[in-house]
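A, B, C and D are the chain letters, set down in written order, and residue numbers restart from 1 in every chain.
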Amino acid sequence: MVQTEAYLMLSMVLFVLGTMGVLLRRSAILVFMSVELMLNATNLALAAFARQWGSENGHMFAFFIITVAAAEVAVGLALIVAIFRTKRSINIDELHQLEG
Amino acid sequence: MENYAQLVPLIILIPSIGAFINLFVGARLPERAVAIIGSTAAILSFVVALLLYSYLSGGGAPVVVNPPFFDGWIRVAEIDISWQMRVDTLSVTMMMLVTGVGSLIHIYSAGYMHGDPRFHRFFAYLNMFFAFMLTLVAGNNFLMMFVGWEGVGLCSFLLIGFWFDKTRGVGWRNSLAARKAFIVNRVGDFGLMTAIFLIFWTFGTLDFYRPGEIANVEYAAHHASAAADDGHAAASDHGESASAHGESAVGAEEGAHGASTGSEVVYTNNDHIPTNQLGVFGQAERFLEEHHQVDFGPFSLPIETVLVLITLFMLIGAAGKSAQIPLFVWLPDAMAGPTPVSALIHAATMVTAGVYMMVRSNVFFYEADLTSLIVTLVGVGTALVGGFIALGQWDIKRVLAYSTVSQLGFMVAAVGIGAYSAAMFHLVTHAFFKALLFLGSGSVIHGMEHGHHAVSHGHDDHHDAHHQEEFDPQDMRNMGGLRHKMPITYITYLIGTLALAGIFPLAGFWSKDEILADSWLVGLFDNNIGGYIALGGLLLAAGFTAFYMWRQVTMVFYGSPRHEAAEHAHESPPTMTIPLIALAILSIAGGFINVPSGVLGLDGIFGAHRFTDWLAQSVVHAHAADFQALIALGALGLAVGAIFLASNLYGRDRAVVNHRDPLQTMATTAPIFSFANARLYWDEIYNRLFERPFNWLGKFLADVIDWRFWHDYVHDQVIGKGFNTIARLLANPVDLGLIDGVVNGIGALTKWVSGGARRIQTGYVRTYAITLLFGVVVVIIVLMLPLINNGG
Amino acid sequence: MPFELPSLSQLNLGVSIPAMSVAVWACILLLIDLWIPKDRKERTAWLAAGGLVFAFVVNLFTFNSGETAFLGMFVADGFTGVLNIVILITAFIAILMSIDYLRRTGTERGEYYVLMLLSISGAMFMAAANDLITVFVALELLSIPLYILAAFRTPDLKSEESGMKYFILGAFASAFLVYGSALIYGATGTTNLNEIFQSVDRVVTQGSTSVFLLLLGAGLVLVGLGFKVAVVPFHMWTPDVYEGAPTPVTAFMSVAAKVGGFGALLRVMMVGLPAFMLQDGATHTAWQQTVWLIAAATLILGNLIAISQTNIKRLLAYSSIAHAGYIMMAVAAAGTQGVGTSAAQAAAVYLLAYMFTNIGAFAVAQALERDDGTGTKLDDFVGLARSQPLLAFMMAVFMLSLTGIPLTAGFIGKWLVFQATLQAELVPLAVIGVLTSVVSAFYYIRVVVNMYLRDTAKEIVLPGESPRLNWAIYLSFAGTLVVGILPALVTGLSSSVNFTALMMP
Amino acid sequence: MTELIVFIVVGGLAVAFATLMLLSENAVHSALSLIVTMVCIAVLFLALNAPFLAMIQITVYAGAIMVLFLFVIMLLGAERLLPASPGEGKVRYRWFAPLALTLAMSLLIAAGVTIIQGQVSGADALGLNPIIRAVNLASTTQTLSVTANGVNVGEALASRKPSRFIEIAPGNYDISAALSDGSSFARSAALAAGTAYTVVAFGDGELAVIPEDLSTIAAERSARFALFNGTDETLSLVDRGSEFVADDDRIVIAEIAPGALSASITLAEGVGNWAVVLASAPDTVWFPLRDYEIVRDRSTTLIAVRERDALGSRRPLVLPLESEARPAFGSPRAIGYSLFTDFLLPFQLLAVLLLASMVGVIVLTHRETGKRMPTAANRRRVSRPLANVIAAQVGIESASARADAALPEPEPPQAVGK
């Protein structure tokens, strides 16, 4: 049996990759996809913990995260569409009217 | 001895109502109605104060009053702070002073502010000030005192900036002065708040005294035995009222020490009350007996040390409110407000709040020797610095402002040497004659402005604009010879001056003399070095006082007019002169309330140490000093000498030459004068010292520089910045010319930092996200640090 | 356990009615709104407000019952009750503010009120949640409507930008929150806060290595909730979002998000991790120092940056960051054994005081704001005292309350928080708190100076008749004064603040 | 070993495709890479005994959500981030990427060290709390109330109707029961973690605490049975075949002594024709269980007692107490049970949340006609200017001056709030 730590390390790597995606990508869509990757990494950790403890709460948590992510994505994409209609761009670096 | 004590809530309620009426409907009322509402509210509170006085002077016991609706003001878990008021001799003295002088100033303002577009608001603010000031003095706990303390600061802020709309940048300067006052006071408030927290930590309460507790046990015991001696006589004299008092006030009262009625148990001390049921002062005395250790979690301190800490923080608070070194910078600027405000708030009442607080906490200060010495030094230093700066000012109100700083120094020094009743005595007399002088100066300014008005109208459009630009109605160089134009102002002003200078037998003589005698005795008998320092320093300051006051009188009233405006000045209306006369009478007679024993038989007429005895009921360490003929004569001689010197120097219009002071033209005194004239460069020093410290060496004595250098260094340590950082950062705002004095300096520094930090807010989401990630990493590392340390 | 559908009596739904009714009413209102004509959307607003009043009344009945609902997922203790009061009043005032504003700016839509109701139901569930999963879902229920509301002025680019920034950063932060919750689950094997408490006790007494995961988890949860309540360094979104979002939304979220966030933070820390010490028998929890640092940084940065702001909405944004710092002081204080309850009470009172004052200040700012979003500069306040004396007076009181001058609500909150901090032996933090509140006088007083002490001949004309907005201002003004002058009312209320499951030794 | 190989291969793929997503210039490529990563994670879920998660990971995540992403990418034509007008949209901070990498790496290292230090794999599975219920077989006319250390287990229980299970802390308990006529029963019992208990009151003041095995039934399509003998004679359970005659008796559970509980047996689903017989007289039916339906995944304890009826006489009774066996770890059924019990509240909140997001999508994208149209300034960065499209259609040179002239001149970006 592969140790829980191994899964955790894998999930941490994916999580950090997602973090880097949020920081480095300029396309709003890719930023969202990176956030999804972070959530996926979390789910992996949760499943590993659930097996470790023999408790299904981890699965429940992952289930809720997946569904909440679906809701978030819907709203986020709607925001992108709305901004694209106004600004004709999905580059988040072009959003800096508000500053200081 | 009716039980008037329960009326005390009215003394706050009445001015509050007045303030509300004037604030909300005042704009629609005629000026006269506004003035009547405001003044009536003030006078009614004075009446209440008189009733309270009659209650106490009739032998009434100090009372703690719970006003209706405010029961249990803050009550959470262990914290229980009630909105309670205390009627005792100390608070009633302050109430009478505030309401009495305040009422006169209200009447005066009706004339002085005539025609101002915000007349109603002025009266609303004055009444609001009344309400807060009376909250400050009437409260039975430190938190109420703090509420009043903040409130009067707020009113002061509003009133200093009252004329924010004056043209030519004056208005903006007024707002700046207001802001400066507000912010310097916040620095002081920080000290007071810390002191209050410490008190609460140490004693678990903030109440001064609890109901049923006797403040001054010795006094109570003494009076109880005295009452027992002529007990029946007193009972038959006051039979009816005494029984009424006994029935209605049981429970709310402290242990009665007069004639007792019925089965009421009479306590003459507090031994029956457990320690944690006592107020802070009672507890402090018990703790001192027990050598209590105050637990601060990781460490504990003996009670003596804690008292020193508490009193030191109180001193910071008092230094802010009562304009002591190093926080006095706001008070002279505060004179930008209307003159009645200067008289009421910045001379007679609010600025004395610090002294009141220290006298109220005399139990703490008495036990904290270290603080007492520091207080003495601060007081003496302030008296000297204020007096010295006043020597070289041209502005009639600025002279008085620095004089106030100096006189507050006297009071604080008196607290420092333990002469609490002398400090209160000087506080009272000073309120009389300083209010008189301010109002007098207001009358002079009023006269000058009207004179100027008449002149510009007379000459109409010839050099009208020129006058508009140049004329300053407060500059004494423009005055002269006013004694013929304004006779009532002149006479009252003269009385005020002599009283302030300490000329026998006016009020100032007695109060100043008591402080000096006390400091002499403290030095002599208690072997307290502070006493000698106080004696020397205050004598010198008293000399300064006489000198600059006579210089002022000479320049303003004697000689011949030096400006057209002065020629056309005329006497002010009766609403203004009547308060002047009333205050003049008080300045003459005010000293007799506390005549020492054995002086020219005066004590036979007025009774010896009446005021001290009166205060002893609530001030534990009140004591009366014997009259010291040598010192009194010395001080008197010094004052008379200074007056002669001044009249020689300034008499016969010698001040006029090219608008230069005679001291300025003499080679030997010129540097000293310019030093005083530049206000010791106190304001500038905060800014410029770091820029070119060596340029100053040639000009001034090295020790002064050294002292200031250290002073500022310490000051900036308090602010929490290293010396070098401050110097570098200050250079920038100074160059921009943004600041005036250290307060604005800190303000600009903060702004500068703030602007720098603001630049981080770039508007780019990704930089925000990276900050968030940065925070995550920091949080993780901080959380892990102890584990890493543990694991080696 | 064998599967049996829980019975109604087991679910004990009664105590969850305040929060539940708001969520259900939102769903119903969404349907009702379809039949409300476009130019009559004010009716939707009043219907929504009616739902709030109902929830408020029910809340008074279920107040502090100390019972749990949903098989231990939902706790209706005094803490929940008091926070519900704060949240419901906030939402009520925000709805009053919105009616005129939406009409003025041409964004009047029924969904607005539905989203607001959904958001506050999220906040209420968050304060009552007794399980990390519920905390997460309720947090999203609070946040997602707020993202949408921030962008509600679409196609106004500023509003859209504000929604987008809030969304990206919010999703980013909640990813950290869930990872943290996952790690706590990993360290303790459960997501239920009570069971976490027991498990943590075991971890600490056995000196198990799980303490590492627990620390990391607690830290990341702190990050996620810290983002919601806008503490440094997770505060960067606040000024931009506050400036861009429609003003009533800004006012609403400046309070609701904080109440929800602090509610969950306090509950997680006080119910789940109060006994999380690094050594057995220590008196300070492992997370206290971090919270301490965050509070100090928030106080200093929030107050400092506020000084250089020229826009009232941004100024209030930084001020709200600073106030989050004061409440964070209470959270830090809760990390000392035995101080928890009084710290939670202080935080609750602070939130109540802050709610009235802050929402009032935003309402005044909104009264001055013109339809195109301008009119929010500090210079626009010059001379307000002359043109609008009543408005200026109320604004001055709000500013003084934010500064913490006695006789206003802000003072009471500050006083209690400082008191709790001292009780928790965090003296340096209390000193920083007092000093920064001195600094805060700089920028608050500038608004007062602008209104009262600067002269202008300019007459300020308010951009429109707005009777309901005025009521919102009066309500907050009355609240500010009542709390300030008769704090016994509030402190009495807050003394019922307690955690049912509180198992502090 | 298999798991290790799967872990290394699939995990490596997941990381590789996540990196590809991060680096790919084309958004569609990124999305496809992310889908691969998600499928890899689904495989890992399977390896982690989480079949349900694997299922929704594929359907919801890799399916629905990613389709949404792809749809929006294609809708907006945003495969590539087109270079915006010069200078716009580029963060001018050179330190940004290095700093981001440094921070991400420090996060990885700090968290990695923590995880390895944490050593969670040493931890044991959590013991579930024992659960307990009660059943009244003592009297058909009286009701029964049962408490354990004062905790109410069942109140006013009618005959033969078991109460609900309640959760209770493990430990020693004094269990007492009382009939409504006042007669009471008592005994003490140790309740262990992870076990279900049934308190049976029967006979004359007898109280049994029977442990029940509710663990997952390993064999498929099977049920579990046990027999408790509450009589004073030895009993057996026999299968009498479809004809229900004694001829082809087959003993299922043999010779259970009075007061004893048999070991549990597993039977395939179907119909049983059983009888409980006295061991001394195996041909006489003591109590018949004809056409007894064996439902899979159930755990049944047969309780044999002599019940006292209304007239006071005793007659044989075998009461099958059926309970659901615990569903397999991580199975859809297990998740479903949790959703409708412990996690009802978040589940409801989730529903409301989804509603909120739907409302949000409508609000954000629905624009009423007659509203402000995008201004000229905002129209300038169309990825392919409409004019070019039209030009291409009608055959005009797309880069011609005329086509460009048809578009308004882009305005310089407005600096706001500087």
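Throughout what follows, contacts are C-beta pairs under 8 Å (C-beta built on N, C-alpha and C of every residue); 3 or more make two chains touch, one makes a residue touch a chain.
Quick caveat: nothing in here was measured; it's all calculated off a predicted structure.
Relative to the centroid of every protein C-alpha atom shown, the closest chain centre, again from C-alpha atoms, is found for C. Across all inter-chain contacts, the pair with the most C-beta pairs is A-D. Distance between chain centres (mean CA atoms), chain A to chain B: 63 Å.
If each chain is reduced to the centroid of its CA atoms, chain B and chain C end up 41 Å from each other.
Mean C-alpha positions place chain A and chain C at a centre distance of 25 Å. With centres taken as mean Cα positions, chain D sits 34 Å from chain C. Annotation for chain C: residues 133, 137, 140, 144, 147-148, 151, 154-155, 157, 163-165, 168, 172, 186, 189-190, 211-212, 215-216, 239-240, 309 touch two or more other chains. The multi-chain contact residues of chain D, meaning those touching 2 or more other chains, are 91, 100, 103-104, 107, 111, 114-115, 118-120, 123, 126, 342-343, 346, 350, 353, 356-357, 360, 364, 367, 374, 378, 417.
Chain contacts: chain A has residues 4, 8, 18-19, 22-24, 26, 32, 48-49, 52-53, 55, 57, 60, 64, 68, 71-72, 75, 79-80, 82, 85-87, 92-93, 95-100 touching two or more partner chains.
A complete topology is adopted by the chain contact network, contact being made between every pair of chains. Interface of chain B with chain A (complex): residues 758-759, 761-766, 769-770, 773. Contact residues of chain B toward chain D in the complex are 764, 766-767, 770, 773-774, 776-777, 780-781, 784.
Looking at the complex, you find that chain A touches chain B at residues 19, 22-24, 26, 92-93, 95-100. By the touch criterion given at the top, residues 1-10, 12-14, 16-21, 23-27, 29-30, 32-34, 36-37, 40, 43-44, 47-57, 59-60, 62-64, 66-75, 77-82, 84-91, 93-94, 97-100 of chain A touch chain D in their complex. For chain D in complex with chain B, the touching residues are 91, 93, 96, 99-100, 103-104, 106-107, 110-111, 114.
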